[in-house]
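Next come two complexes built around subunit A: one with subunit B, the other with subunit C.
Right after this comes the complex of A and B.
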């Protein structure tokens, strides 16, 4: 059984934001809601690295653990989804999430929260696959169409990978071997502060 | 830890009904925007048009089939395939174009948001004119009649040169060609497009070095590079998908990536070496690198002996650029440049990439030639993995340049001489005298028109100083953002002085609002390229065929249809479209392709018939992703997109030329040598030396040495004329007999026979490093007009003022003034990944606009603290010509001390004033901001009139 994962190769991510707009385009996500964001560290300085972040579809997802109305569920592929009909927009999952994935519409002056929205790994929601109702609430269900998340498929430098964890890690491993020792691993610079890579 | 993992679906609906409205709010952008107040000001004006064309949910209800249609992204020149999902004529989604060898499914932010063009909420929706300061909707018929009458009136009273036809790199090839033809029939050379302000110095510099002015290799060929050096190029933001190919070389070949840029760009962040020089010192930097190469004997001596002329003169100049002198001028330490030189020498073949950072200078042509010389010295040109990989900007700026939507040439770089006009008159099947009759005089017909960079001077300059009968009085912006041009304050004046201002564009553009006119402005809605079809030339010279994704939205019309309507109004449609089928005012694109196939012999746009191009799009997946060559399948052996030169007629099935000047293949299979373009001998002042190649020739050449370009006389001398068919011979004899050359033989016979014998039709010569007919034959460093390095002016002063392209052009008279005390900071400009060009289209795309909502200036933290500016504060940036813009301060180490940077895509604010209310209702872009070029100052290249938008001086103060 596949276990779906994202991986962002920080050696390749150039902060072009194609993952962000591809997602907006695919799911017609409104202004102000960002299921995916590119985060840049050390912006403008040597050691600058960018990484694209969305829901990581955790195995032991903190959002699921804390939701008071139990609106989350995990598919057999390991994708964490939620039911917007159940969601009360409390924002507790936002507390719990280590990645800042949950998003809320900002309606009104005080940003009163509506239903939570987040990355679905392009897998829709509880409604019938590829139905209009599903599209309206969650966006397109590419997984049901046999496709992978659009953000990764359209990544300009193939930095963002998505799919079955085994395949993703094989692709990444091959890349690391091709690159040579050390250079590609995230956190390398932290482990060896003198180096500038990673 | 509490765990509540649920297998399939969460518990059933509970609060759903109560929150239904809110839930909808999360998904409908229109509803959301209305509620959020985030785009206030834009909201009250929301269009009444239905966005149904693109509502996926609505289309999804239907069972009809989803079609996949291939188009090409309309942003940069990489040429990414856009796969559009279309259902019931509605563009419902985008899929990755994995089959394309250029992008392999990838997009940047702009390509991934391409579908928004079809939503078009902020598009210009119908023909509109300004009446007493208010926008008024009119019909197409009224628009064409009123504008046509006014233009004809200007022509009658001031001559055809008083109307300026400003074309576009956003036109496809067919439209670009028709546009060039259009203003030839109108009777003026006052037409141009963005290439003038983007890579004109490249085309001039590179073509004058080795024959053609284009990118020599391809993005994909970089896979084979052992080293990459970039000058003033930031592909991470300007050509993001190109980075995929650079990364491939970096990772697979362990190729060093050297970025020479005054800023620590997002590309520099991925580099192995960042060379941070003072803006405007490219020649000094290149000579500083070359100094080490010559000093250590790292140049490729055999290559130079065979294929390069004049390097001894360059050596003399380079000898002056010792590490000390180089550091004094560029600020780059000698030790670093020695390391760079050694890296280049040890990792061959290496590619050299440059963009606007190198071209947009008063010395732009010197820069581009210096880059070429560096590559020639290393022996890197004409090799796979090497080359001068000049990344062009817009999607079809290469094509529009090739069709010479320019003020100084006819399609195919034929020039403006009588013979050039006669060639095209033959292709167009019209009399030379007929064409001449449309011009004010034969002299003006053969003299360069005003370049786009100077149109404002064409309006404002005293009539007595202009080499044409009258000032420019009518201006047609046909797909051009005015905020991409410098001297915004003077441009506003020029716009106000015009009799007539016409904008033909999918968006109103800044041209609609930056002036204070009350009337005499017309806005005509053109379609985007997704609403029409035709060919487009990527930076690597490959042509790709776009299919039409959707029908034109609102009342917009394709550009070629609008051209036909105007031609009809002016009464030359029968002559202009003599051999082009026209249906319901729309010229048949395929007929236009076939027509230019008949005339573009110089650069080999002759073999790319519509049928071949369509087949390439269909069989994209059969092409190798590194070599671009088809392996097996129906197109076996051909190169993707038939990169020009694709010699001869389509019948001879030339595969296209993947890498220019590469003699390792036969010419018939895409090989080449340097072009014989500058005569057989250098002038006596320059040694009177033989310019033909010495012992280097493409594989299988029957002439095992250099040779001149082919003529009928040469064929006869070689005894090869017997290979001509009777038909070919008859045409050649009838044209100019022995003098007929490979460029004007409309049968393609001379080319065919030359190639049959393994020869390049354009001859086989050496590249020249000294361009004796340029202001600086040997590229030299000259300080920018606005420089704060007054200490360098003794040695590196600029040119004397002169007359060029019909206009007085200033150099020394500006540099003579010292502004460095009042304006201490160097100001430069560049791109952001989310936006493109003037940004009217991309700032109207909410998916992109959301990501960059404020115009800003990057200031070094230390400078900011000295001035007393905090991050995100509003500041005034003022330049020596007293124009100023109000922008947000961004404190960063990205720019060095003493340098500030502006992105140039914003518009809609002018010197502190928000112009949103001036846009036609519902057509204001989501994001407005000050245009960088409002503040950018005077300065033009000495050969091409390229604008100087990369170096000026400024002062920054708190607003």
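Right after this comes the complex of A and C.
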């Protein structure tokens, strides 16, 4: 069985935010919630890079580990999903997630949290595939339709890759070889900076 | 030349060359060369031609980028603190908290088996003395009810997943947890009122006194039969519970309010709101677990531990012999005053 993964190629991402927009539109994500965002590092300076971030569907997901009602589950494809019927909106997954993926609609006054919302890898939730109930709570289930996440499908530069982890890393490996830079070896950037004899 | 004029001039110039640009061939010029990947090293990448592992590793340290969405804190790509928060909460906090809770219950069971319920040794006299007025008792029970509700709902949030969830099943436990969260969020206000109430009602009587040292030295007479160190209105054990509840309770309230209004109240240290919440939630749990351990002891002593103790909080009156054994100095003072025709009730309050 394939292990679904996201990979954002920082050498290609141009911060067009199409992934963010496509995601919001596809799933009709409520106001104030962005299941995906684009972070730009060193904005406007040499070495600027942008990366699209969402739930990474971790193998050993911290959100699953801390959820007090155990509302998370991982599919056989490695996609981390959650059951909004069980979620109590305690905020713990938000505390634990390194990528800031879980978000909450405001359900009342004083910032009280509603049911948590996050990227589903376009795989919906526990409801029947492509049912109205599933769409309302989790958005479209493209995986059940045999499609890959809309954010990666829409990506204009193919910076964002989503799908079988083996295929994704093969594509990335080919790109790295083709570029011919960035050995990835630790400490090289500091020890042998560009412009020296290398 | 002003900047504006310069722009206009440049614009016109660009316009003038436009037809030329349009006419340009899309084919590469004659002097163009095809570079192989190796030849374009260095200049093609603004990060340099070498390893960028440092650049990316720094992201784990919470490097802040920019985002175009309204939540600017989303610019922090990775918050590694969450991992530590998870390790503490699911690790030592849960483990040692469990040991402390189980330990205090085990200790009390052993204590009960060895010492039994500590009776009033001289027997009940049947003469009642006013100990707690209505205002004091109301404050105590308000605080007590709020505390028990908060403690049980809080414990179910920390331990329910491993204890209740396997028994109840996911849906029943989620419904229970949802209710628990509601009770916890609103019971908090009763607890705040209760803490202020008992503080005002009892603070004077809980100031340290020299008798406390003797009381500590004799372990309150709890371990030996027939030993009753002198005490005023409150003995050291009661003062310990009082100050634990007031001080740690205040800590629990402060951290709890920060969690109740996560993005509005801002008095917890931390760079990002999520850091503040992690900090607050850990201290909230640590202080609360400590308080629960203390209060389990308090409830034991107040009910089965020492005969006649509960009466004071239930009816307001205690047996005169109970008062003589446990609060000798208070009774002496009380009776010398009432000899002077002063109402004991006023004082007891």
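Basically, the second predicted complex is superposed on the first by the 179 of 198 C-alpha atoms of A that agree within 3 Å, B and C clash if a C-alpha of one lies under 4 Å from a C-alpha of the other, contacts with A are read in each partner's own complex, and residues count from 1 in each chain.
Going forward, contacts are C-beta pairs under 8 Å (C-beta built on N, C-alpha and C of every residue); 3 or more make two chains touch, one makes a residue touch a chain.
Just so we're clear, the structure is a prediction, and the values are computed from it rather than from any experiment.
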After aligning the two structures on subunit A, examine subunit B and subunit C and state clash or fit.
clash
Check whether A:53 is in contact with subunit B, with subunit C, with both or with neither, and answer first, second, both or neither.
second
Identify the partner contact of A:178: answer first if only subunit B is touched, second if only subunit C is, both if each is, neither if none is.
both
With the two structures laid over each other on chain A, which partner does A:100 touch: subunit B (first), subunit C (second), both, or neither?
second
Given the touch rule stated above, what does A:17 touch, subunit B (first), subunit C (second), both, or neither?
both
With the two structures laid over each other on chain A, which partner does A:72 touch: subunit B (first), subunit C (second), both, or neither?
first
Contacts of A:41 with subunit B and subunit C, given as first, second, both or neither
second
Pick one for A:86: touches subunit B only (first), subunit C only (second), both, or neither.
both
Among 381-389, 687-695 or 867-875, which stretch of subunit B shows C-alpha clashes with subunit C in the combined arrangement?
381-389
So which bits of subunit A does subunit B touch that subunit C touches too?
11, 15, 17, 20, 32, 43, 46, 48-50, 65-67, 69-71, 83, 85-86, 88-89, 178-180
Subunit A residues touching subunit B - in the complex, by the definition given at the top
11-12, 14-22, 24-26, 28-33, 43-46, 48-50, 60, 64-67, 69-76, 82-86, 88-89, 105-109, 114-115, 117, 126, 130-132, 135-137, 139-140, 147, 150, 153-158, 175, 178-180
Taking the touch rule as given, give the residues of subunit A at its contact with subunit C in the complex, in rising order.
11, 15, 17, 20, 32, 34, 37-43, 46-51, 53, 62, 65-71, 83, 85-92, 94-100, 110-112, 177-190, 192-195, 198
Residues of subunit B that touch subunit A when the two form their complex
1-16, 19, 22-29, 32-33, 35-39, 56-58, 60-61, 93-96, 98, 104-116, 236-237, 240-241, 243-244, 247, 251-252, 254, 264, 266-267, 269-270, 274, 833-834, 846-848, 850-851, 858, 892-894
Subunit C residues touching subunit A in their complex are 36-38, 40-42, 44-55, 59, 63, 65-71, 73-80, 82-83, 85-86, 89-90, 157-158, 160-161, 165, 170-171, 173-174, 177-178, 181, 185, 259-264, 274, 277-278, 281
